[in-house]
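Structures for review follow.
Each of the next two complexes has chain A plus one more chain, namely chain B in the first and chain C in the second.
Then we have the complex of A and B:
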């Protein structure tokens, strides 16, 4: 349902869905996003006018939906997309944040970035071409990043006369690929949904198409509006990385942070890691409601404790009977993001939740060739490589497997010499 | 454990709020000398409220800074001074006095150069003068195409410049705050908010805003499709029409460079603004004269150090 003043009276009940899209120039991704934005008023008339002027300058005629999503002058001149762009639209049910990533250049780095916070990934497959390696690559990255919902849009159905068997063949082939993938990747398998669409003509994008009577599912937008995401968050393992110690006056000492997972409950005994000290949650404070009974992700609150204990930024609070692992050695999937390759045994800064520690990569078990998705043994990681590595930190840090907890299982590596973020990591065990 | 799996969710506004508070606290924890840019507009009002929430019951632990051009609406100065006093924050006001004394104006120098001197240079000088290593800005990615690709933590070199092709990757909510001496980070805690979210939040939180967002009568210079607020320093050109009109503003800046919108329906409350926003198909920056140069003018300004 599109947005209007009446339906918006409901805005306090609207929730938020973050999704990523990945694809190449020709698979209709820009057309799909352009259409979603246009139909939901996510693009304005004067912005369209600026795009029209640009199209004319380049000698084009019809409005090119791709120009809605191409942001920078440099890439408009060259006709390429160089980075992750964020787009916004809303319906009466949900607000949507799109992490839009180009598929052809630096695809791994960009897609990992766009997918890191996504609840859902849209993977586009051109119905004429069937399942190509790039669609598998997108699926692999979405699976690795732990995106709970994957929507495979089989696009350009109009160019194959909306034939059901074309769609079914792609669906079966991709589902089989995904079953195999899930067998060799840790964590729960995502929900996989297939929708036959024509982004250009609008079939099954915002409304169900008459051209696909054999398709019993929802339109793409309907699926985005209704896919259930409330159960995706980890509500079992209470983790609270301390972000900031608040001491506005002598009588108040609170520990601010975001509930990463599970629930903080007033009166419960907690353990402070890595020290192992314990205390009780005396109050859960916010600006609005004052003292809460409990807090859940992604709420940002300030906890006050019943005991005077030494706590600083980077510590993690948990319940004594459900603690993260605190260790110096672990393995992780690492996505390398800069030109200068990974140097084994070199000290990098590892940032996990609110903590920072020096870390070295001891060894590389394998690197996945992103062209074939085959695992190979390798002695280094280059830009856009994904590999399984063993890390060692100088001091113990507290973490969970990424497959169980996307907040306490993810980290970045920073090169201290140039301050650049060089890698994204997902802890395996 | 029986209740542990029961799903609990936050509304989209509360999720955006949580994300922004997390970012604001992260900056306070990791930088030596942060500042929050305060431009008196609706986005600044929201950003300041989020900062209040982030450090409650304490005060905002860093100063706010208004980079003034001397050309803002009188209503904005009046609102600013009262608002700051009411919330008990520390405000720094900085201006490029040399350029102002030299008579910098969009009529004398052209819009690009005037903005470059009073806003961009004014900001860069102020950041250097106080040695700020992080500066919060209220910009949103939805506002403009080049902003859609900007990070929450936007790295600036020692000249304050942005290099869109060489941005640090930004993953999950792990922000890289490392800078060398002289370099800085512009931080955009409202990156994921839209104009609609801003107004809905202002309504929900009852946040005060400058009253000229609502319908009022004011003397206007009508120039083709532009409605320029009349003030003595703005020259009236042949063909201009000067008259009293019922107008309001969708975004606020310098008087000479901020177009009004004619208020065909009277908008006296936030609900009116929100309903109008849902019906309209014009973006909020369309009445900003400064963006009319070309399709990429904002990107150019940002590269030079503008917010």
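Then we have the complex of A and C:
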């Protein structure tokens, strides 16, 4: 095997970390991402050259790293990131997908989208401004979405002369806020890490800075490369939402999908939900790895069963002694994502894992004021509102609380008329 | 009251059939929703639809539908004569899109066969009986399935049936000695030629007519029929052979021998045919024994019955029952009411047999669901996934509709390969060479150990030159090794 092929193979086998970034306007989010891409050689030479020219035109001296990420013309004109932009880069240790989301309050929905699949969230705080309500809002959303690792990057330390007390004050205030938040929100508390950085100058971004001798932790990139995410996966509750019934000919009938959580084992008895039929896993098939003994998240496999049972797309496979709840009524946190407000009792399509069912929102318990993070009573949800609602589905669906299982506990609501995704939901109970 | 009841029992007349027609028609109307959703579905409902559309899209571009298979992709045999692709291409000009034209052709043919039954039976059987008979025909799940996909089967049978009715009418006139002109025979022959030029299996009518003519010694009529039916087909074959440097017949005959599997025959017979036509078979047997209709119809049913054996062909499907279903229903109705003799209705139990069988048929057919169109979610996902094929270049893809949606040509038809390869009737070298040359931007295969739709030799070549890039939905997308 050539060296090149070996490198490619290693690249494919590398661990993947998805992370999102959130920060207020001018907290330096795009600069940080630009720096990471630049330092990890994730920027093409011609792109870099164009950025150098633009920076010069603006009269700047250092490279404006924000220009690397603010790729959309509209966002460049406005000077803000207006949508979720996914960026890809890799180091020798890991592959990364960055969900670069806007920080403004009116873009809460984008933040929810960007962070929903993230293993880690970077929340940027401008060292000069300290902890603002916006920083708390970002923390609240990250906590609500159950992101297991939160990295608070206290940025622009160069502008406060790398003073330790500024950093410590922000750290203590934010940690206290998070402790309070964790008391209010169900689920396991995330791992919270603080790093003082200067995205523009590169301090503590890819290498440890000499300007912060009082800081004993890792650089930001080092943290991203080494943070343990394999333990975050739920390996206890076997859930296999069926994506597709694979029937290439009359002799083969398999059920394809991605293991959402837990471990599928050959020979184990499983239950098919919502029908309740049972069967044994006869084989776990893949093309290039053959018949496996077991499969776990995030593996995509095809299961064949010992019995000819009726299974279709949207059904969920689990173990009989550890089943998700199958019900028509549940409560959930809902982030409303379109201008037209939520209409109570209106039928929406609820998509959970691979299943779809018609659903209505029965009632709204409260809505979180995203400026003050206070809970208010409300009769409707507007764009970017996050609230606790009760839902009712036409047919029972199988789910877990989001705090236990992010895949089988999250859903989206779709407006049937225009196919727009109108809300993202996280099941509470 | 007693008189009314007695009259009802004694005479299952038109109003009984009126009620049955109303019930059957109501059921049909209720099932229209699923049929319409199939017809307007934005993605493939059946894999082979794509390649039918691909060929129709090519028709007016001047491209050769029957190219030399050794010259590289597409690596498929067109399999059908050009008339279907021509008609579909014509309708495509009006409808645009990909699927609607072919599905409308199939659906109108499905409806058309029923209307032909009504037209034929309106005076011969009585209006309500004709309506009820057509409704039973329309209730057939197999006809519904094949009447709402882009396939030539129902259209070819519409031509076949039109031809048959002309010939059958003519044969009965001959029997009664009324008509001497061969115009109907000639017209029937032409229609039959059109049917064969859409799909070759409708040649069954030629054999039926030949058998009929041999038994009746109708040599004159046979000559007229041969002139009307065989000559146009012969001319078309000669023309296409000339135009394609001899590849037309290779394309249209190679796939005929894909091997035979009795387990397939058993499967389709038990799980499809008997569930649908189990009630009709005893009716047909009773009619054939006690009230045989005209000879040509019996000959045709024999040919349609022989064609049922094609259910065991590798790659065959339930479409081989379509012809039998149509002619068995015609035979049953003709046997009951087409002969003009009403003596048999003096027996009370006999006169109730037709409504009994019709009801039995209804009860057989109603529980059989029609395969619904893919859910909205799948359609949206496919539309999204099609974007990955928009980049310039070629792709090997199991879901060929994605290629069509991305404006690409169909390079291969998965269902065809295995059988032909096993029989040594498909030359894999052009495809193997192209894989070796990494012609394809990506190759999509099943993420399971055995590839049922590709020969092992092709899979091995893919393994040698491509590596896994994406694993989703039970599929693997492989990209060329750098």
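Here, the second predicted complex is superposed on the first by the 399 of 429 C-alpha atoms of A that agree within 3 Å, B and C clash if a C-alpha of one lies under 4 Å from a C-alpha of the other, contacts with A are read in each partner's own complex, and residues count from 1 in each chain.
To be clear about the criterion, a residue touches a chain if its C-beta (ideal position, glycine included) is under 8 Å from a C-beta of that chain, and two chains touch if they have at least 3 such contacts.
Being a predicted model, the structure only gives us computed values, none of them experimental.
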item	value
Fit or clash - chain C, chain B, common chain A	clash
Partner chain(s) touched by A:420 [first = chain B, second = chain C, both, neither]	first
Chain B versus chain C as contact partner of A:263, first or second or both or neither	first
Contacts of A:407 with chain B and chain C, given as first, second, both or neither	first
Touching partner for A:250 - first (chain B), second (chain C), both, neither	second
Contacts of A:323 with chain B and chain C, given as first, second, both or neither	neither
Which partner, chain B or chain C, touches more chain A residues	B
First (chain B), second (chain C), both or neither touched by A:277	neither
Contacts of A:287 with chain B and chain C, given as first, second, both or neither	both
Contacts of A:193 with chain B and chain C, given as first, second, both or neither	neither
Touched partner set for A:300, first chain B, second chain C, both or neither	both
Part of chain B, among the options 5-13, 113-121 or 203-211, whose backbone runs into chain C after overlay	203-211
Chain B and chain C contact sites that coincide on chain A, given as residue numbers	4-5, 8, 12, 243-244, 246, 248-249, 252, 256-258, 285-288, 300, 302, 313, 349, 351, 419
Of chain B, residues touching chain A in the complex	1, 4-16, 18-19, 21-22, 25-26, 28-29, 52-59, 141-142, 145-146, 148-149, 164-165, 167-174, 176, 178-180, 191-192, 194, 196-197, 200, 204, 274-275, 278-279, 281-283, 286, 295-296, 299-300
Parts of chain A lying in touch with chain B, wherever the complex brings them together	3-5, 8, 11-16, 41, 44-47, 50-51, 53-54, 70-74, 76, 82-88, 90, 94-95, 97, 109, 112-113, 116-117, 230-231, 233, 235-236, 243-244, 246-249, 252, 256-258, 262-263, 285-288, 296, 298-300, 302, 313, 337, 349, 351-352, 354, 406-407, 410-412, 414, 416, 419-421, 424
Of all residues in chain A, those that touch chain C in their complex	4-5, 8-9, 12, 243-244, 246, 248-252, 254, 256-258, 285-288, 290-291, 300-302, 313, 349, 351, 356, 419
Complex contact set, residues of chain C against chain A	264, 267, 375-378, 380, 445-453, 463, 467-468, 471-476, 481-482
